[in-house]
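What follows is a pair of complexes built around subunit A, which joins subunit B in one and subunit C in the other.
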Partner chain A sequence: MYFQLGWRNIWRNPRRTTVILLAIIIGVWSMIFLGALMRGMIEDMVENGISTMTGEIQVHHKGYRDDPVIENSMPDPKVVETTLNNILPTGSLWTARVRVNAIASNARHSMAVTLVGIDPVREAKVSFIGEAVNKGRFLKSDDKFGIIVGKALLEKFETKLGHKIILMSQDTNQEIASRSFRIIGVFRTEMESTEKQFAFVTIPAAQQMLKLKDAISEVSIILPEHKDVNKVTVSLREALPPAYEVQTWRELLPILNAYLEIFNGFSFLWYVVVFVAMGFGIVNTTLMAVFERIREFGLFKALGMKPWWIIKEVLTESFFLLVIGMAIGNILGFLSVFALSENGIDLSSLAAGAEFAGISRVIYPAILSRDVVLANLVVFVLGLLVSIYPAVKAAKFTPVEALAHT
Partner chain B sequence: MNIVECTDIKKTYRQGKVEVKALNGVTLSVEKGAFVALAGPSGSGKTTMLNIIGGLDLADSGRVIMDGNVLGNMTQSELANLRLRDIGFVFQAYNLIPVLSALENVEFVMLLQGVPQAERRERAKAILDDVGLEGKYNRRPAELSGGQQQRVAVARAIVSAPSIVLADEPTANLDSSTGKGLLEMMKQMNEKKNATFIFSTHDKMVMDYARRLVLIRDGLVADDQVRKK
Partner chain C sequence: MSIDIKMAWRNIWRNPRRTILTISAIVFASVLLVFMLSFQFGSYSAMINSSVKIHAGHLQVQAEGYQDKKSIRLVVSNPLAVGSVLDRIAGVTAYTYRANAFSLVSSKERTYGGIVIGIDPAREAGVSTIKKLIRKGSYLSEGDTDKALVGELLAKNLQVGLGDELTVMGQGRDGSIAATVVKVKGIYSSGMDEFDRSSIYMPLETFQDVYAMHGAVNEVVVIGTSLGIVSRIKKAVQKGIKKIDQKHPLVVLDWKEIMPGLLQAIEMDLISGIIFWFILIVVVAFSILNTFLMAIFERTREFGVLMAIGTAPRRLTKLLLIESTAMTAIGIVTGIIIGSLVTWYFQVYGIDFSGSSDLLSQYGISGRIYPQLSLLTAFGGPGAVLLITTLTALYPGLKVRHLRPVEAMNAI
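Right after this comes the complex of A and B.
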């Protein structure tokens, strides 16, 4: 009965019903679509942060993070390797690196860079560099003097593939260590700062230059399906000796972590704002519908309908409005996201600002099922809640007053 | 046997600072199967009397016993149940539910009572046939004439075989021939099913049909005549 009455009652005034449906549709659509855009942006930031050398978990010598000098290297990488093989879940990827601040220079220019000694085979699966080389070639394990630099650095130095570049840093004897490398590959990324910051050589080349013997600076880890980061971190901390420290990407990238917190808070706020605007429309429409039918509610009571049944009847009308509005809003939201999924939104005009925040030039919307569920839950639950007031109002009319209403 | 017993009923309405004494000590009994008209000019208290008998309103003082139930001792929920099971209402303005068909309007009360669907449908159709609306089951109120709507309202009022039917100015919005047809129908219902009918009216035609005429004036019973069997 409630469904039949509720369905027919919402179409008594098709214009009013259409207006409130539009409000719900636009509300849900904006929640899903804008939520997907923001989610895509944040996922892009996280992906950029993780793939740009950070990984999901890193292992260092204690004190390295506060002072990333060569003295804080891990002298025996086998200790870490054994622990990783025991602790990491199947499907995890990890790679060792030597990482020091250095000066890169040629005849024309010099600038501070981060010299990164990598295991080319492992590194290619863990960070961006595996797929970023678009000129020349990637490093091979036995490259003694090959170096890969970024396109922006190449242009700044006014040099070319095949030319030489000098890297200078401090070795374990506190002496200046320098070495000439030949540019064998050039990498390209979304962010110019990354192209200028990193210069890649093989681990043996870096160790030889810095007189490190077998020491390494860090180990970077990617977990399968990006799950259980905290759990694995705790296990590694327990398993490794106290001389080592283990950090998650959230600890390594506190600004990015802060962005995530802000995003979650902003998302919630956005939902609340959208809903408040929509909620007023729902309450207003339902109240109007109730006041137009005062005599009818008086009749219901005269015939013996209990107040709770009247409340259910009015809530059923809101239920239909919400379900229809949500269904169409969801469809439009998904269609909009799908439409942008291939080409994304080009932020090139904001390139410098976007890069500062760690966002790529093109962002793609990303739908998470929990965002969609949350948006729909907010609309549905709060929509029914705000409808309680008009429903209770309808149930409170006394039959005599209501039937006398003109 | 009396189905309604009202003793010294008083009711006062407050309209702003003004007090209006609608009923000033009405004592009235109605026997089962009666066909009674409460007549009087506008503002005499007849509709108020009907509302109190039907449990739609409560008297300020006095006692009302409806089919053995003391209305003043009942909660709102109990009064709602009483109206649902024992009382049928016919209103001046028909008060049909506009989004339901004639059949669904008649079924509505039985639906609230929990009558199974098949039985509801069968009884509703039968009663609509009785009131002369055979074949018009699926018409919405907007598609029916005033007389037809009132017939649907009467059908709704009597379909669940209530102890008493309270009709408030049922012919007020009808032309005389339609009103007469309606009264004939209700008279037949009264005679066939022994349903008690109490009307409030200032329509002479209704008064002529009534077997008992109770004249209410200034909130009191001014006259009480048994007219005919």
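Right after this comes the complex of A and C.
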């Protein structure tokens, strides 16, 4: 009966109901849509961070994270390999790398870079480099002197494909090792800083240059479906000897993780702020609806309706307003996200700024059920909460006074 | 007071609860906008100021092309001539000379690549904050030779402490090999990891000897009295350096050109902020539209009577608009006052963000952010609220014109 009464009551004044619905719809739409845009931006940052030579989990020799030098490499990768094969869920991808700071130079320029020795086949599945080479070719397992560099580095060095570049770094004997490589491929990424930072060679080439024998610097792991990162990390930690350390991307990229947390806090704040803006309208509209019907409520009471029932009836009206507004707002939100999912929002005109902030040039909205649920919960719970005020007002009218009211 | 204003005023207070709720919505939006805009602008200027002060300066005079290529060969060959131009320009607080070279920096055990920066200790202290950023040891003093300041992270990577020796090796201006040994005199930390990981300072004279600069520098860095007058100083410097004769033409770059990413990141944040606040205002507008609408539906009879006794529809519109504008005006004035007070409080005491200081320090902001109240931030947001609510109020205001006296008087 409450539902029937409530439903009919809100449509007694269709215009008023429509106006307040519009407020709720725009509010909910903005929560869903802008929330999805921000989420898309942040997810993209996380994805970029993970694919830019991080991976979801990394294994290092103890001390490498603090002091990424050649002495802190893992001398016997076999141990790690067997453990990984035992523990990782099927479908996981992993690759080993040699990774050291080095200096790249040619006749005219020199620059600090990160020299990464990779297993071309496995690496291509784990990090961005597999798809990023757009000029020349990707490394082959037997490339002894081939190197892949970023486009920005190539331009800075005023060199081109096929030319030589010299890499220098410290080898295991603490001597300066240098080796000359031929540029066989050029990669492009969203971030110029990435293009300047990394130079890729094969693992054997790096090991030979640095006199590493079989040692590697890190193992980078991607789990299927991005699930269970923490669980797998814990079991890897238990299974590996104490000389190894296992870290998730959250520990490896603390700044990104901080961003993510700030973002989560901010989106909740935004939901509440938008809600407050429409909350005033909800209270006001419901109050109007209640005060128009003082006589009616008086009559209800005179007929024996309990105050609690009246509160329930008024809350049912708010419930309908909220549910309809939320439903339409959500649908519109999803539709706008869908409309943008093809082309995204292009920030190319602010490319340098996007790079500075560490985000991609094109933002694609991303819907996360957590965001949607949170937004709707905020509207629904707070919406009913603020409606208690007019509902209690309605319940307090005494029959005599109310019936005397004109 | 004209009769219209009097009527409008009384009408507003016929239903005080409703009016107060409506005004509260406007106050809420105004306070939030004043505070948030001030907060945004405050953090922008903190970002700009600290980036400017840590290294970049307000303006730099460089040889054309140096900004992109950072090649040691693109030099300002007669820095003193530029200096004497700067001396004559009003608004220049300080300037200094710098030379930079990418070099190999080695300790006993480690070797890293880094940017070696030659600075004039006394002048540098007036331009950048480097002197205050020293965490261990001390700053370079006049007459120091073969001493160096090292970034905290680089020092950690190199495993060196105060007094340890570093070998620096690079390429001189003439292409020769430049090598020297310097002693670590101080260790600094700016909070920006990238900078602290890759830079090392040495006295300009030592640098010029080692890198065969022959008295030349790569940058003349200028600080003005404030951000606002940078473009004026830039014009004056441009005019002044025209007469200086040298191989590579000189250019003047302001902080926006030196750090294009910073400016665009700010623009991006501002644009997204504006979108958010605009949507918020629209939600508020719809939220209070009902109040304005109800004002006419409840009073249809009344309007009918007014029309029947000869009130022109235009006057009714005017009456309604006065009512809505008065409510909005009360709301935004209260909003501006409360918002300004709140902002002012935080402007004095700052807002503590030490929980995320690791993140903020990458943008050069320390643990506290101080909002910056200005005419723009105090009136911009509430102004937009006024505009949008007035537009909203036009709908009921114009609606009233279609009323017919007889029908209206029969309405309940």
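Operating definition for what follows: the second predicted complex is superposed on the first by the 406 of 406 C-alpha atoms of A that agree within 3 Å, B and C clash if a C-alpha of one lies under 4 Å from a C-alpha of the other, contacts with A are read in each partner's own complex, and residues count from 1 in each chain.
Keep this in mind: a contact is a pair of C-beta atoms (placed from the backbone, for glycine too) under 8 Å apart; a residue touches a chain by one contact, two chains touch by 3 or more.
Remember, predicted model here, so these are calculated numbers, not experimental data.
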Who touches more of subunit A, subunit B or subunit C?
-> C
Have a look at where A:168 lands relative to subunit B and subunit C in the superposition and call it first, second, both or neither.
-> second
For A:5, decide between first (touching subunit B), second (touching subunit C), both and neither.
-> first
Partner chain(s) touched by A:399 [first = subunit B, second = subunit C, both, neither] | first
Mind working out whether A:370 is in touch with subunit B, subunit C, both or neither, as first, second, both or neither?
-> neither
First (subunit B), second (subunit C), both or neither: which does A:347 touch?
-> second
Considering only the touch criterion stated at the top, classify A:231 as touching first (subunit B), second (subunit C), both, or neither.
-> neither
Partner chain in contact with A:303 - subunit B first, subunit C second, else both or neither | first
Examine A:295 and indicate which partner it touches, taking first as subunit B and second as subunit C; both and neither are also allowed.
-> first
As the complex stands, subunit A meets subunit B at residues 1, 4-5, 8-9, 12, 295-296, 299, 301-306, 309, 398-400, 403
Listed in rising order, subunit C residues that touch subunit A in their complex are 17-18, 21-22, 24-25, 28-29, 32, 69, 71, 102, 104, 109-114, 156-157, 159, 170-171, 198, 260-269, 275-276, 279-280, 282-284, 286-291, 293-294, 297, 356, 358-359, 362
Mind pulling up the subunit B residues that touch subunit A in the complex?
-> 51, 54, 56-57, 77, 80-85, 89, 91, 93, 95, 97-100, 104, 108-109, 111-112
Note which residues of subunit A are touching subunit C in the complex, please.
-> 13, 15-16, 19-20, 22-23, 26-27, 30, 34, 67, 69, 101-103, 108-113, 156, 168-170, 174, 176, 254-255, 258-259, 261-262, 270, 273-274, 276-285, 287-288, 347, 350-357
